[in-house]
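The same subunit A turns up in both complexes below, where it pairs with subunit B and then with subunit C.
So, the complex of A and B:
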């Protein structure tokens, strides 16, 4: 190896450590007893309390009202992640199909309306959005949690781009065979878009699982917490009350909140990169 | 536009209806409400309101705490953007060079994308916790009195560090895919013409990456403005004394904690304009596909 290669590897190793070490330390610390953590600080190697801590966090109710377990929050996060990604894919495929395959007067206008969602991130309309959902009686419901989030300009553009690249001959042939608009969509376009759909589903699952601001303001009951918002509330409780701070549990919760999206990204790495790079173009 | 299309019918309206309904109810209506409320002044009990023209804007924006937040947001987003782009570019170039272990490096450098900003914030918060956090002691070991609960600069440092950490992986993925998109023939020709790898990078590779860099700059600024909410809310919560409050965090604080609907709406409208400017810049340049 020459000097240049050594330096290259050195930089990459430092970079990889910078990106992984915090999570490694969080995981290792979570496997130690609270006394050890308090006495010695963060831990770099495994301790003997893995099963005990994770068992407690996953199954024993915590939080202010003692109503919520990490397992329950994981279920809520999973519902949000799946509902969010599936909802986005369906809704944007529908819209893209209409815009690309139909000649109708409002097409351009509707396209611009969808485009406008890019200009209105949740953060700039947060209080009125909360009010709308409250007025509809949707606070603390899955519908209220998921539906307001699934309109997607990027998703619609992505499928629009893809549908445009589908050869015109396919529609001509389908029409000669007497395919209806619905069967053309379901039997021909959807199977053709399989890899696109998978890529977007993966990306959007991660984005959905990681939602913070919206679940934070629209869930009030502990049993509806997702992991990402729940850990902050539980973390605050863990540090109160004059008892030994339960740092190992706080770390265990951050690890649990990290695990599912990380697994998805690692397992479907190729599709994930494709979905991320292509959908942002 | 497709050459072949289905004929006029009500069917396309049915297909766009779900998306449009959601946009109308949860985007356009609330945004309209925000604009409307930014011109109203409510009494303390929310019983009556009065049309006050631009008074909310004048009151909230020419206000020390808003100006402080604006100033912090400007510094914060500049630093987060430059640092995370610089770091990601360096790593992507190096990861593109190596042969041995390339895919391992790639995985290790991009996996953090999956971690939510607030989770990253909580992890960072724990690492900097004076009771257990080694980072806290590490910072103090240089003889500098580090305390992110008290010192403004230290609090800013913590928030920026976590925000950069969280953003490096996305930038890395985009830079790497940009680098891999550069044709082999171009790099080979460059290698023949120019010996110095550093010069080669700045004269050939970097200009070819310009569209990616530009696109990432806009998305990073957007990230620093909006998505860092979760990081700030789980670390400093804008403290000490509003020193790490971004404009978005202030909208949330004033609207939900302070119940100042008019003022918070006026701030929202200002942010809408910021997003508008960012989006217009992004689309104008992306459409031209500039190579500088």
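So, the complex of A and C:
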């Protein structure tokens, strides 16, 4: 090993530790009893309360109203994450299909309008969106939680770029083969976009899972909380309760909240990378 | 089986560019017609108009007596083979070949039978369950043809189908296409920019230039009897030698050499003398002084390139001439030869209109 590789590895290791250490500390701390944490602070090595803590968090209702378990919140988060990502993929594929393959007036202009919404974060339109959802009576429903979020400029952009890279001859061959507008989409474009779909599903699942502000203002009942909000709630209880602060539960919840996105990325990593780098059509 | 008829066909793009400027053509049943021309001449556009992939601005195209201007591509009963094969990358060979039939709601076992039969004919039956990216270029080309054949169309359209193949395979596939077309006896239109391909494949050739058919006829007719300067220079390899000349009442002259044996030509305009490389030969009393600068040995014959002595006066380059000779003839570079030709076998064109005079 020469000096060069030693240095690059050193930097790499430092970087990796920088990223993983907080997660490690959170996980380790969550396996200790609340008294230990209160007395000694953050923990670097495993304690003996792993099963106890996680059992309590997952299956015993917590929160302010003692109505919701982590498992329930996880279910809500999963619904949001999956609905959000699947919805985004479907909507943006249709949008991109129209923009790329249909000749209609101002198609390009409309695309740039959609593209420009990339510059606007959700927070900009959160009040009007809330008003619309509230007027439709969709507060505290999964529909209200998901639908306002599923229009996706990012997804539309990615699919547009991908569709444009599909050779025109494929479309022409399909037309001569008698494929209708719909069957060209389903039989040719969707299978060709498989890896692209996977990549966008993964990204969007993580984004959806991590949504905080929108679920926070959309849900009023504790049983509709998502995990990310649950964490916030538990910290709130910590400070207000007057009981012994339950830091280990907060950390356990944090670990639980990071698990599904991590799993999704790990399991689909191959597809994900393929989708981002694939050039062979 | 069907004949194809084009009547006053024009194509103008929305930006005003005129791609096809009035084409009339009749293709008889079972005939293989080749559209040939330089890139950008409109030959592909014309083919795509027959296929229905481009709209027809003006005029009429009919297949088997039915006007198909407003008929969708899939209902025109045509099949097309594309230059880059345009196979569906995610489908197997079988999937590629059956897709069109599936869309036509043909029963499954019928599809299987047709596909397998065609695959056998094209010798791709061993690859039916492979995907296009596992096949070689020649095999992909066969699959593309198979996809066209299974639909049993009235007209085959080929859009430069061999230009992505290497030279050897191209010759092989060319012969195969010709045989296949003979055997199936389906009216075919074949687009290429390669004049050898055009000459060897065609029953009839249409030389296309700037959106017009310059001349249409049997390959040998176009070779021996070209109607315009463009056709004469496009057909034949190596290219015909073109020498700018004027007529002085008795002889043709280019300021350096004089060519006798011509009469009744206009004296007031620039002319072009066309001499094919194979009618040039070395003669004692030849009219052309020729300086060799390159000899290409092709095995059976040699191509000798050089310039006309004296033609570089007042010009940056001398006039280039090519001569086809047998393999024994091996002049050295910078040798000067006397060349002559039989005036009866030469052509004379008007320079401004390209019209052939002799």
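Note that the second predicted complex is superposed on the first by the 258 of 281 C-alpha atoms of A that agree within 3 Å, B and C clash if a C-alpha of one lies under 4 Å from a C-alpha of the other, contacts with A are read in each partner's own complex, and residues count from 1 in each chain.
Please note the rule applied: a contact is a pair of C-beta atoms (placed from the backbone, for glycine too) under 8 Å apart; a residue touches a chain by one contact, two chains touch by 3 or more.
Being a predicted model, the structure only gives us computed values, none of them experimental.
J.: In the superposed model built on subunit A, check whether subunit B and subunit C fit or clash.
T.: fit
J.: Looking at A:109, would you say it contacts subunit B, subunit C, both, or neither? Reply first, second, both or neither.
T.: Once the two structures are laid over each other on A, A:109 reaches no partner at all.
J.: Examine A:183 and indicate which partner it touches, taking first as subunit B and second as subunit C; both and neither are also allowed.
T.: After superposing on A, A:183 lies in contact with subunit C but is clear of subunit B.
J.: Using the superposition on chain A described above, determine whether A:172 touches subunit B (first), subunit C (second), both, or neither.
T.: A:172 sits against subunit B and subunit C alike.
J.: Touching A:45, do we find subunit B (first), subunit C (second), both, or neither?
T.: Neither: A:45 stays clear of subunit B and subunit C.
J.: Quick one: the Cα-centre angle at subunit A between subunit B and subunit C, nearest 10 degrees, please.
T.: Taking subunit A as the apex, subunit B and subunit C sit 90 degrees apart.
J.: A:5 contacts which: subunit B (first), subunit C (second), both, neither?
T.: In the superposition, A:5 touches subunit B alone.
J.: Of subunit B and subunit C, which one touches more residues of subunit A?
T.: Of subunit B and subunit C, the partner in contact with more residues of subunit A is B.
J.: Quick check for you: in the superposed arrangement, does A:191 touch first (subunit B), second (subunit C), both or neither?
T.: The second partner, subunit C, only.
J.: Shortest C-alpha to C-alpha distance from subunit B to subunit C once the two structures are superposed, in angstrom?
T.: 6
J.: On subunit A, what residues does subunit B touch that subunit C touches as well?
T.: The overlap between the subunit B and subunit C interfaces on subunit A comprises residues 172, 175, 280.
J.: Under the touch definition given earlier, write down the residues of subunit B that touch subunit A in their complex.
T.: The contact residues of subunit B facing subunit A are 1-9, 11-13, 15-16, 18-20, 22-23, 25-31, 33-34, 37, 87, 90-91, 94-95, 97-98, 101, 105, 107-119, 122-124, 126-127, 129, 131-134, 137, 165, 168-170, 173-174, 177, 197, 215, 219, 226, 229-230, 233-234, 248, 251-252, 255-256, 261, 264-265, 268-269, 271-272, 275-276, 279.
J.: Show me the residue ranges of subunit A that touch subunit B in the complex, using the header's touch definition.
T.: Touch list, subunit A to subunit B: 4-5, 8-9, 11-12, 15-16, 18-20, 22-23, 25-26, 29, 37-38, 41-42, 90-92, 94-95, 97-104, 106-107, 110, 113-114, 116-121, 123-129, 131-133, 147-148, 150-152, 156, 164, 168, 171-172, 175, 181, 206, 209-210, 212-213, 216-217, 228-229, 231-232, 235, 245, 247, 250-251, 254, 257-258, 261-262, 264-266, 269, 273, 276-277, 280.
J.: Could you pull out which subunit A residues touch subunit C in their complex?
T.: Interface residues on the subunit A side: 167, 169-170, 172-180, 183, 187-188, 191-192, 194, 280-281.
J.: What part of subunit C is in contact with subunit A in the complex they form?
T.: 51-53, 72-75, 78-80, 82-84, 86-90, 99-100, 103-104, 133, 147, 151
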